[in-house]
Amino acid sequence: MKQSVYAVAFAAMLVSGVAVAQQQQNAITWGLNSEVETLDPYATSKRTAQLVIRNMLENLVVRDPATGQAKPALATGWRWIDPTILHLELRRGVTFHDGSPFTADDVVFTVDYIKDTANNATFAKADYGFIKKAEKVDDFTVRLLLEQPTPSAVDQLSQVLFIMPKATHQKVGARAFGAQPVGTGPMKVERFEAGRSISMVRNDKYYTAAWGKPRLDRITVLSITDNQTANAEISAGKVDFLWNITPDQLAQLKQARNVETVTGGSVAISFLSLDAAGRAGANPMQDKNVRMAIAHAVNRQAIAKTLRGESSEVIHSPCNPRQFGCIQDVAKYDYNVAKAKEFMAKSSVPRGFELKIAAFTDSGPVAEAIAGDLRQLNIDAKLDFRETSAWIRDLFGGKLTSAVVPWPSNGVYDVVAMVPLFFTGDQGDYTLDPVVMDSFKKAATIVDEQERLKLYKVGFDRLAAEAYVLPLMSGVTHFAYRRGLDFVLPVDGYPILYMAGWK
Amino acid sequence: MTETQVTATDSIGVRPVGLWRRALRHPGFVVGGVLLLFFVLVALGADLLAPHDPYAQSLVRRLRPPVWSANGSWTFILGTDPFGRDYLSRLMHGARIALAVAFASALLAGAIGATLGVLAGYFRGRVDQVISLLISTRLALPALLVALAVLQVAGSGLWIVVLVLGSTLWDRFAVVMRTAVMQVSSLDYVMAARAAGASHGRIMTREVAPNVLGHFLVVFSYEAGQAVLAAAALSFLGLGIQAPQPSWGLMMAEGRSWLLVNPWLIANAGVALMLLVLAMNLVGDGLRDVLTPGERF
Amino acid sequence: MPVLDVADLRVDLRTTAGVLRAVRGISFSIERGETFALVGESGSGKSMTALALLDLMPRNGRRQAERIVLDSRDLIRLDEDELRTVRGGTAAMIFQEPMTALNPVLSIGDQMTEGLLEHRPGTALGEARRRAVDLLTRCGVAEPERRLPQYPHELSGGLRQRVMIASALMTGPKLLIADEPTTALDVTVQAQILDLLRELQRAFDLAILFITHDLSLVRRFAHRIGVMYAGEIVESGVAEAVITAPSHPYTRRLIACAPDLAAKRGHRLGFLTGLPPRLLGVLDGCQFRFRCPVVQAACAGAIPQQRTATGVEYRCVQDPQGTAGQGVPERAAASSPHSVGESLLQARDVSVSYRLRGGLFDRSATIQAVRGASLTLARGEVLGLVGESGSGKSTLARVILGLEVPDEGSVTLAGTSMRAVDRRARARAVQPVFQDPYSSLNPRHTVGAIVRAPLDILGLHQPKDRARVVEQMLDRCGLPRHLFASYPAQLSGGQRQRVAIARALVSGPSLVVCDEPTSALDVSIQSQILNLLQDLQRDLGLTYLFISHNLAVVRHLADRVAVMYRGEIVESGDADQVFERPEHAYTQALLASAGRREASG
Amino acid sequence: MLALLGRKLVEAILVGLIISFVTFLLVTWTGDLAIALGGLGASREELQQLRTTHGLDRPILVQYLDWAAKALSGDLGRSFFSKEDVLPLILSRLPVTATLAVCSIGVGIALALPLGILAAIRQGRWIDHTAQSVAAVSQAMPSFWSGLLLILLFGVNLQVLPISGYENWASFVMPSLALGWFVFPILLRLLRAGMVETLNTDYIRTARAKGLSPRRIILKHALRNAVLPVISLAAVQFGQLLGGSVVIEAVFALPGVGQLAWNSIQRADFPVVQAIVLLVAVIFVTMNLLADLINGALDPRIRRA
């Protein structure tokens, strides 16, 4: 392609003058494809914002990016007292950025804050539903009382529960905290411009963690929501790091000198949610034949490879094969338009209908491709592209007849991180099938792995047999960064920038 | 009016050269008219003329370059888009959407604006004050923002776009019609009709309306162009007409991710859009010069 | 040696329809201290001549001449830069519209001095301003120093024309070209401006080229007159001679057409048939032959020859002896006196006020257009309502037409109050004829439809008969039948006014309100319309409320006269009595001005 | 002048009131504020409680008056999203958009003024035709498209200007060109028409008859008059650009009011949208008033009226 020459030349010509400067200053700039409006982890509805906040506010445990194992962070040790009580030993001698000491009170305060509905903590249910309350045992020991046995609890604690300083938070209030958060993390906020940039400097008082000490003096996060701009900026050396880029961006950046691209795993998946329960009003999705037809009509292989990346695989159950409990050995629907048309002919709407497929950010093209495929069935499918928060609101508000749902499971290696949200009668459940609900609900309360697997099999089999949703493909995370950055590719796809440094 | 005008010549009223003949002598009008006719024909005949189904997608043949490019082929004259759909066919079907939005929005806006303008210009006084306030309010409202907000809430779709654009683009109709009607209704023939006992309805329809029709047509052609631009801007931002419908604004939005490597994705839809709006503006200019000489719009 | 000597001046205008020969080879000269007036109807080429002298024609105009010698420089041979030293230097110009001829955003002082500063670079600003003050004083402007920083909109029309004249004299020109300088002004102001011009001419020994359409005006003001028709000077000579003993058939007719302030009512005006020719392409023969009462076959082929009679020169194909007598205007046919009947309309203490620039909240600014005006009209009479612009006469007319509701007072029509009459009944009783023939007819309807509309609205006659009624009325108003299906744009001003009259009369009203019906028309057309109105009144037994600023026209037509001044009717009574023995001071001033304007010598 | 200004002021206040009420209604009707406040996890009881605490169950007029009273004291509410006070949030973005608007108008005037004058004095000649054709074409180009073309040219091919974001003056070059390019034909048409009209007036003929030089006639006599409506239009355009820069700000990732508005619209953050609409309207009305003032200062007919 002639035009691509420009891109290469463009990238090549801008020698990394800026980058050299960055390396000398021991700083990196992250071109974030999202806008961070607040640094309060309990006010933002964006996972990406939490990825940034993670540099300043710590969780109790940290997931080793290379192995995916939970490692000590603010908690140095933990044990199960019974399946619903987690006992945690806290690190001593840690101080918050403002100098106040970290104790068990801060953990209890944080949990209480989340649990107090007056505070409207985001993800209160999704992320913290499993926690009932926190109890202080002594200054450096706490117990988390859970609602029900939750085997994945420790893993989840590496992704959620950002500890806030009780005294400071109570003094300044949530809003001021969101603008100038005070945590124990390896970086502290220096300057925050909502929606535009966050600049963080090293917390020199940071303890020596299991992975070592932070190497970078400074991390800057710039919001660059436009893919092309992001590509241009990293090629020009103004930005050092891009996360979660699209396969198309990846293809373009592969030709750029001084930029390294890697593709990492992810426990994310995408599935096409269909309103089989009729929550958004009576609709053709309630007809099993229509769902079968759709399942056969979508060329998932092509979509996965083209729009997600070569390493993305088609899935048959709405879960990531890496997650515990993810049963992929279920009824499979091949791409077969003829068969799809047969189902369509048998359905209540043989002549087709109108359908809006809701999607946000990079799921947009997926939804558009699905819409394109569905037109073969005379379904007048249209992409209903929305802003992230709006999409989330409506998906969980039961308003979407059909939506492409990309679910990251918050990086948790257990189907429990997603199944309860979508298939146990909760806000995200458009299936409302008693068989599915019962088996998944039960599985979440059992500790025995074999028992759980059996129950999950029942549930996923039922999901597949009824074609309640159309599982699409596993997620892939593409990264691009300036050559010379020492960065550990995370198995879960979530970058931990404070661990990086320049070679 | 001065009582002592001596400007009126009493030479034989020269029969004005027919409007059509004057229009056809107006180069802008002719160029614009031919272009517009071309787009209308393409839009009407898109089903027959388009080489492919504009929705037929194939991810394997995505992003084929146009024919003039090194790897181009005559199968896909303007190449294919990121979903492997034929660009030319989408462009042609897109003309249909653009024209539908343009005409329907301008018609709705015209109905609202002309009604308000005629009422204000004819009745004056209180009616005029209230309507003028309404116009000022409308002008002060950032139309695009309001349109975006309404679309965000009301959802997507061609007719919603028409509704939103129609109810935001009426101001120029109202302003122009108000002034025109004020001018016309202060003329002696309106006075004569009143003196002859004609009702307001008869005066407005028989005496005033035929004389401000030209103004309406001129504004209509400008606002149709504005509607195309506004709809494209909405589509570009992802609101209004939704993929995979071949709206030009959407095509440009989609092409934006390929600006560096496939600039033609944006360029071609943009050129089509520009030509259509240009055609409408030229026709507007022509109509202005022919129907309402001496007026500024 | 004359100040200005023009020989064979021609002006062509390129139009979409072809080349328009606006001025076709005219020659004249003006001596120091002399006023030469170019008189003609619209389109005769008189204004174009004025503009052509200094090469100020519109973009599409081209001039040609054997010579235009001004103060011994031949302007035809000067380039643009040299011409600029003449414009506003040796020759100055003033125009018709004092309201628009001054730049609204520049101060009077600035506009007066800039010409002098441009022509005499080195002139100190103070000196220029002193000269401006001096000239303003001479032009009769009170408090001249106070005027300099003022802007045009702060001055009245008469004052602006004085400023224009003073401004023109700043550089001490030898020739003043005055293009209809008094036409836009009220009668009283007109007389003052003419006096001023004459005074200045004497003081500065100016040569004045005076352009006008008004024959009566030049009789006293000009030394010599050139009468223009179709781009030519058809007759010229000493003013008195041309007016009293015209030789060219056109001049004779023209003079007969003009109503005379001194003459009593009742006589018929002379008239000219037809319309002026379009001067497109190649023209041959005498261009007046289409309207000439003494036309002969030879007129089509031959070029009119220069002929001399007592005190005048004129151009005609025929021998003067042959045409003598035939051009004599028919002043004779006096109409029989009207039978004046019972009272038809009574307006009592009518007051109307307007709100200026009304917003939602301020309604303070009001102007009182009519204050307590009363008048009565008897069936079958013609009441002339005279007054200057802004006197409220048109507002009063609208009240009488029922188009405006008075704030106070009442209008009674044939015994019933106007308020109680519904709009149809009112329409059957009163109808208007307006001034502007161009805005009084809807351009989108045909003549037939326009005249028929009142019948449809009022439901008069059987629908199938209406077309016939319309035709009869149009015939009666003298509109050629082939124009019945035409649109107003295809009609001349006079024809349009005929249509407007037909529309007013088709529903058979008893009262017709004529609001300046002939003010926008040329004299030759005005006489046609006035004669038509007179005939119709007599034949149909109509009552007219005839509104005009033109005293001579009112004098010609009215039985009784009412004089309006600043919203009030200051005097009314029998026409002869008011005109001959005015009682109110304003009426006296008005008549004096008009008389002074026209009085001979 | 004072009366005129007073009337305009009254009109401006009325317009502000109407718009504030309309936007208030829009926000109230377009979404359940309680859900927006309560977030995803809120139960019915919680929502009811939120309604009571936020006064959302009171009559609409009471709510409006309450809101208006706060708005007048500068409290335009809080963002649903970032929980920040709306007014400082918007004001922090305003300089970017205002700079963009000023630069765009500047570009528009710089193009329109010489071309408009030339086109008018050479009416019907090639320069006139060229100017009008260029204007017609530029008016037909959507600003975001010209923005993208500029990016292709200056950002990608020539690499002389930053593609996006907001760092220094260079960041404003391309957006201002794109918007100015769109504004210029409107100004050009008005200026040309005004010049043509003015050049045909009696007072220009008077000036010519005075023997003034063409330069003086055009610059002193004609332009002074023809430029008056252009000033009003430029002010109106400035007001409209504040609300119309959404797309360009999106294209160039300029963190201005437009981008804030667009993001807020997308995430149904209505207090922010409402405040922006209101603010833009107020600025628009103010700019109109300002234009009237300037016109009043330049036009003696208004000044002394």
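Just so it is clear, A, B, C and D label the chains in written order, and each chain counts residues from 1 on its own.
One rule holds in what follows: a contact is a pair of C-beta atoms (placed from the backbone, for glycine too) under 8 Å apart; a residue touches a chain by one contact, two chains touch by 3 or more.
Keep in mind that this is a model prediction, so the values were computed, not measured.
*Asks:* With contacts counted as defined, which of the two, B-C or C-D, has more C-beta pairs across the interface?
*Replies:* Higher C-beta contact count between the two pairs: B-C.
*Asks:* Tell me, please, which chain's centre (mean of its C-alpha atoms) is farthest from the centre of subunit A?
*Replies:* Most distant chain from subunit A: C.
*Asks:* Between subunit B and subunit C, what is the separation of their C-alpha centroids in Å?
*Replies:* Centre separation, subunit B to subunit C: 46 Å.
*Asks:* What whole-Å value do you get for the distance between subunit C and subunit D if each is reduced to the mean of its CA atoms?
*Replies:* Between these chains, centre-to-centre, one finds 50 Å.
*Asks:* What is the distance in Å between the mean C-alpha positions of subunit A and subunit C?
*Replies:* Roughly 87 Å, centre to centre.
*Asks:* When the C-alpha atoms of subunit A and subunit D are each averaged to a single point, how far apart are the two points in Å?
*Replies:* Going by mean C-alpha positions, subunit A sits 39 Å from subunit D.
*Asks:* Two or more other chains touching the same residue: where does that happen in subunit D?
*Replies:* Within subunit D, residues 11, 14, 156, 266, 268 contact more than one other chain.
*Asks:* For subunit A, give me the residues that contact two or more of the other chains.
*Replies:* Within subunit A, residues 6, 10, 226, 228, 232, 390 contact more than one other chain.
*Asks:* What are the residues of subunit C that contact at least two other chains?
*Replies:* Each of 359-360 in subunit C touches at least two other chains.
*Asks:* Please name which positions on subunit C make contact with subunit D in the complex.
*Replies:* So the residues of subunit C touching subunit D come out as 54, 56, 59, 83-89, 92-93, 95, 97, 100-107, 114-115, 118-119, 151, 153-154, 164, 167, 357, 359-362, 365.
*Asks:* Under the definition above, what is the set of subunit A residues touching subunit B in their complex?
*Replies:* 1-4, 6-7, 10, 226-228, 231-232, 246, 248-249, 252, 299, 302-303, 306-307, 356, 364-365, 368-369, 371-373, 375, 381-385, 390
*Asks:* Which subunit A residues qualify as touching subunit D in the complex?
*Replies:* 6, 10, 13-14, 35, 37-38, 40, 43, 45, 117, 120, 122-126, 174-175, 178-179, 193-196, 222, 224-226, 228-229, 232-233, 386-390, 392-393, 396-397, 427
*Asks:* Can you name the residues of subunit C that touch subunit B in the complex?
*Replies:* 16-17, 41-43, 180, 183-185, 213, 275-278, 358-360, 389, 398, 401-403, 423-424, 426-428, 430-432, 434-445, 450, 453-454, 457-458, 488-495, 500, 503-504, 507, 516, 519-522, 524-525, 549
*Asks:* Touching residues of subunit B toward subunit C in the complex: what are they?
*Replies:* 1-17, 125, 129, 133, 187-189, 191-198, 202, 206-207, 210-211
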